[in-house]
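One chain, subunit A, appears in both complexes that follow, with subunit B as partner in the first and subunit C in the second.
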Partner chain A sequence: MISSINPTIKAFAIFIPGILLSFTFDMFTPLVYFLFILIVTFTMSDIPFLKWLKIFSPFLLVALSFAWMTILYTNQTFSYGEVLFTLFGIEITRGSMITGISLALRSLCFVCLSILFALTTNSTKFMLSLMQQCKVPPKITYGILAGYRFLPMFREELQILRQAHRIRGFSRTKGLKGRWNQFRRYSIPLLANGIRKAERVAIAMESKGFTGDTDRTHYHEMDVSVRDWLFFTLIVGVFFITVAFSYSLGYLNIFGKQF
Partner chain B sequence: MTKHWKLKEIVLMSILGVVFGIIYLAFFLVGQGIRNVLAPFGLAPFGYEIIFGIWFIVSIIAAYIIRKPGVAFTAELIAGVTEVLLGTAAGPGLILAAAIQGLGAELAFALTRWKDYRLRILILSGIFAAIFSFTWNLFSSGNIALAPTLLVAMLVVRVISGALLAGVLGKWLSDQLAKTGVLRGYALGKELQKKREKGAA
Partner chain C sequence: MKKEQLNPLLHMDHFSFDYESLDKPLLNQLNFSLMDKETTLLIGSSGSGKSSLSLCLNGLYPEAVEGVSSGNIYYRGKNIQDYQKGELSQLIGIVFQDPESQFCMITVEDELAFTLENRKIAPSEMPERISEALSVVGMDGFQKRKIHELSGGQKQKIALAAVLLLEPELLILDEPTANLDPVSRIEFIQLIKHIQAKQKLAVFIIEHQLEDWLDVVDRLLVLGKQGKIIADGSVTSIFSDHHSLLKKEGVFLPRQYSNAEDSYPTYAESPPRIKQDVLITIKQMGFHRKKHTILQDINLEIHRGEFIAIVGENGAGKSTLLQLMARLLTPQKGTIIFHDKLMDQWEEKELRKRIGYVFQNPEHQFITDTVYDELTFGMKLNGWTTAESDTAATALLKQFHLEKHKYSNPFSLSGGQKRRLSVATMLDETPDILFFDEPTFGQDAKTTDELMYMIEALRKNGTAIVFVTHDMDIVDTVDRAIVLYQQHIHYNGEPESLWKQADLLEKTRLRLPYRIRVLHKEGVSLDLVH
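Here is the complex of A and B:
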């Protein structure tokens, strides 16, 4: 199960293909890798399909509109091949079509990797692991954790602010100026309260003996096992196999250069 | 670097990072909305560019309030990590994008040796972040495949957006916050206090 993989290793495992995918401009590589991530998502994690679909489907639209834009505005390096059809006086070539679809598939890959990570990772464990495996200073990781803790509070406070405004007769105002005033009335008090809490938390942490010393012990030990490395090799390895495969089939295209 | 930061400054930076990470996520929807409005006029590529400056704002706010080396970079990085943890369309590469934007914003402050925090430097910081992120987007979102004239126009819009939405709006928000008095323990609040005392005298 992916949720038990060490979060730092998992982050690197999806980070590397996530970056390297940005260099490919053919359809084959992102398509195969996209299918692979789908298989991983539904065989190795317990993410419910409906929940996944709910998060994923809006991005399908984003990817489509992105592909559409790229197809319309490709430059010379990428608009190779014969003209397929003309639209609003713009010639759509085979190359621009392929580049557009490739970019859409690539962004779907990104979304899938992101969902896979977000839905299988506990943020507290991620921070603990960053501290223990990557030697990120405890001051920063505990600071971020404190920040996360404040999120539900912000929602509550926004509600209180709204009610306070309503009871005093500040109703919603129309127009651009009203919007701006509304933004001012909510954002400043919310942020000010957040900052006040941040200061209090910092003082509380220090008064309880938190020095931010890197030489400290941990109640929750995060370790890296063979399984974590296996997962890493699988995710990164399949990416390279995909690239090699598409190279041998003659599909591979890096920055408009066909290999 | 972290040795020079006080714990309360780090917690403040993290909270700003986390809060703006969520705001950044929300602005993806805003960008998509603007894009859908612009699409019929053939201006779809500018949908995100107009508001791109918003995605640099936490660098400027954090650096302007705390005024220490590395703050602009780290705050942006934390915002990026928050976005990825909550789930984003841009994928894990977003952390790298955030780091690059943060470096751009930090560069402006580094040029003044982290001593000058006037409006012009904040605007410069937004502009640098825009240029850095634009260069990164050439590769990461495949913008390099777009027509050169369109790319130049996009860069101009992004730089203006970075200057206004990140530089000017970021300063305005921080100044408003300082007026409430909650920043009394940080560099910006202390500066305001000094000004007030001078004014009184």
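Here is the complex of A and C:
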């Protein structure tokens, strides 16, 4: 299962194809890879389909609008090929069509990879792994972990502030200027309280003997096993196989250059 | 207490500290020692620098806040500045006041492991040590639980367990029970007593409400307003010899050492309740957040000029009930009627004139940049002329002793002043009802007294007062106590008859007020005589 893969290795396994994918401008490569990630998502993790769909569907809309904009306003380099049809006086060529659809597929690939990572990774373990495998200083990783605990606190605080201001009759002020003032008035006490709490947590951490020293023992020993490398090889390997396959079929297009 | 030879553990030598400059330092030329295996209690009014002192002791201050200090602190005869970074914090453990902001990990187990990792303990030893520390505080089996899902009392026990894993020689407790319900508070104090007896730690406690600590404590220190130690000695000697001095400093006196006139104002002559004059009627009300039911089948009436206390353990839904009555939340079931009109049919502007609400943290209510603007804010919204609001604001400034701070920023006031201002802002029009969410939390005796007098004055004008509180001595003075337990109102009536229901008190994690506890104690000793 993907959730037990070492988080750092997982991050790299997802990051590398993500970056490389952004250079492929044909439709075939991202499409095949997209299908592959879907298969990985639903066979190798226990993400419930509905939950996945809930997160994924808004991005589908975003991807479609990306594609639409690109099709309409394609860069000169990519608007090759014959004119397919004309829309509001804009000529849509085969090249721009391909570039647009490719962009949509690429964004969907990113989304899918990100969801796969986010839903199978425990944030604490990710930070611990970054500290142990990538030698990220404990000051940063524990800082992020402590900050992570702050998010729900912020939401609560904002709600209380809203109520308190409502009691004072604040919702009675109207208009854009009123809104702006309201935002200003929320942000100052929120920040002030945030800083105060952060200071308290920092002091509590230090008083438990935390110095930021990298020489420390680890309760959760995050190791890298053969399984992790196998996962890495699978995700990155399939990407290169896809590229090779699309090259052999003559689809591969990198930065508008056909191979 | 036993008089064996005590060795000084920590010694302060002409130590001064301030956040900015040493002209008028917060802590001024302190000279005292903490002894090995001794339990010392530090008291002082709010804002006297007690918490700052505790952080100076383990060497985190002044560095952590870029403050300034002079003089020296010695730990076992060695200047604390000569200790390695992190070395001293392992010898001196601190449990802080706020249960929300002293953890950095998500689960109990990881939080405790954090301490052990800092000490470079081998991972193989950790599970055993963690479970040991948890069983000391009575929470073994909570390893995998998420910290934010625990109650306040449980969180403080986890904080204590984490600190015990340091195996400290000195344990500092910085108002560790301030946020806890009465029973959790007693449990925590018992726990400390138990640990002290077993492990022979030196314990240094900072507290406002010292009554319950007295039988744990060997020695008492009093920090005065000028940042000096004004009394140092055994509990009995300090309370009998320095009685008037302590009172002047605004320190809570334990009841057994206080005179009759020191106690809270009682409302013997409170206006008789007029049954017909119903302000709020709640019928069959229910409220839930997502799938979590918070309140159900709530039926309640509040009358003009009544003084009501809502009590119950942490998380019983006390604040939620208050927010529902003030229309800050809307119930999913049932109705609330305010002045013969459904609550949701009131126009916001009208409603806010008639209902006041004072939040636990006064800072949340401040909107403007000066105290004066803060007071006139509501008046302006209500369309008062400048002259009218000026007269009213001046009267309020006087009534609440804030004249000197007319142009100060509300955030720069002291704790007590902030509390007074937050009440004053609610009084531009005389409200029919005023809600208070734990108004005495973290306040010293003087501020609490001031608040109680203020409330007395308000009630004379016919304003109904509703308190959410953990302070049973305040509950003892109200007209009606409402006990929330497991989403329902479990008791609704005079406090006097509540004190007689021992089962109910135990079940709902409440305790008797001091007045009754003393009676019981006397009763017990009488029985023993016979």
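Here is the rule we go by: the second predicted complex is superposed on the first by the 256 of 259 C-alpha atoms of A that agree within 3 Å, B and C clash if a C-alpha of one lies under 4 Å from a C-alpha of the other, contacts with A are read in each partner's own complex, and residues count from 1 in each chain.
Heads up, the rule we're going with is that a residue touches a chain if its C-beta (ideal position, glycine included) is under 8 Å from a C-beta of that chain, and two chains touch if they have at least 3 such contacts.
In this text, all values refer to a predicted model and were calculated from it rather than measured experimentally.
Of the two partner chains placed around the shared chain by superposition, subunit B and subunit C are both touched by A:Val201. When the two complexes are overlaid on their common chain A, residue A:Asp223 makes contact with neither subunit B nor subunit C. When the two complexes are overlaid on their common chain A, residue A:Gln163 makes contact with subunit C while staying clear of subunit B.
Of the two partner chains, subunit C is the only one touched by A:Gly209; subunit B is not.
By the document's definition of touching, both partners, subunit B and subunit C, reach A:Ala146.
Looking at the shared chain after the overlay, A:Ser107 reaches subunit B, while subunit C stays out of its contact range. The wider contact with subunit A, measured as residues touched, comes from B rather than the other of subunit B and subunit C. Contacts of A:Val62 after superposition: subunit B is touched, whereas subunit C is not reached. Once both structures are placed on chain A, subunit A residues 146, 148, 189, 192, 197, 199, 201-203, 205-206, 210 are touched by subunit B and, in the other complex, by subunit C. Those residues of subunit A that touch subunit C in the shared complex are 124, 142, 145-146, 148-149, 152-153, 160-161, 163-173, 185, 189, 192-193, 197, 199-211, 213, 215-221. Residue ranges on subunit B touching subunit A, taken from their complex, read 2, 5-8, 10-15, 17-19, 22, 32, 35-36, 39, 42, 44-45, 74, 78, 81, 84-93, 95-96, 139-142, 144-148, 150, 173, 176-177, 180, 182-183, 185. Interface residues of subunit A facing subunit B in the complex, by the touch rule stated above, are 11, 14-15, 18-19, 22-23, 25, 55, 59, 62, 65-66, 69-70, 73-75, 77-78, 88, 96, 99, 102-103, 106-107, 109-111, 113-115, 117-119, 121, 123, 126, 137, 139-140, 143-144, 146-148, 150-151, 154, 184, 187-189, 191-192, 194-199, 201-203, 205-206, 210, 212, 255-256. Across the complex, subunit A is touched by residues 55, 58, 60, 64-65, 85-86, 89-90, 92-94, 96, 98, 100-107, 109-110, 113-123, 126, 148, 162-163, 166, 323, 326, 328, 348-349, 352, 355-357, 359, 361, 363-367, 377-378, 381-382, 411, 425-426 of subunit C.
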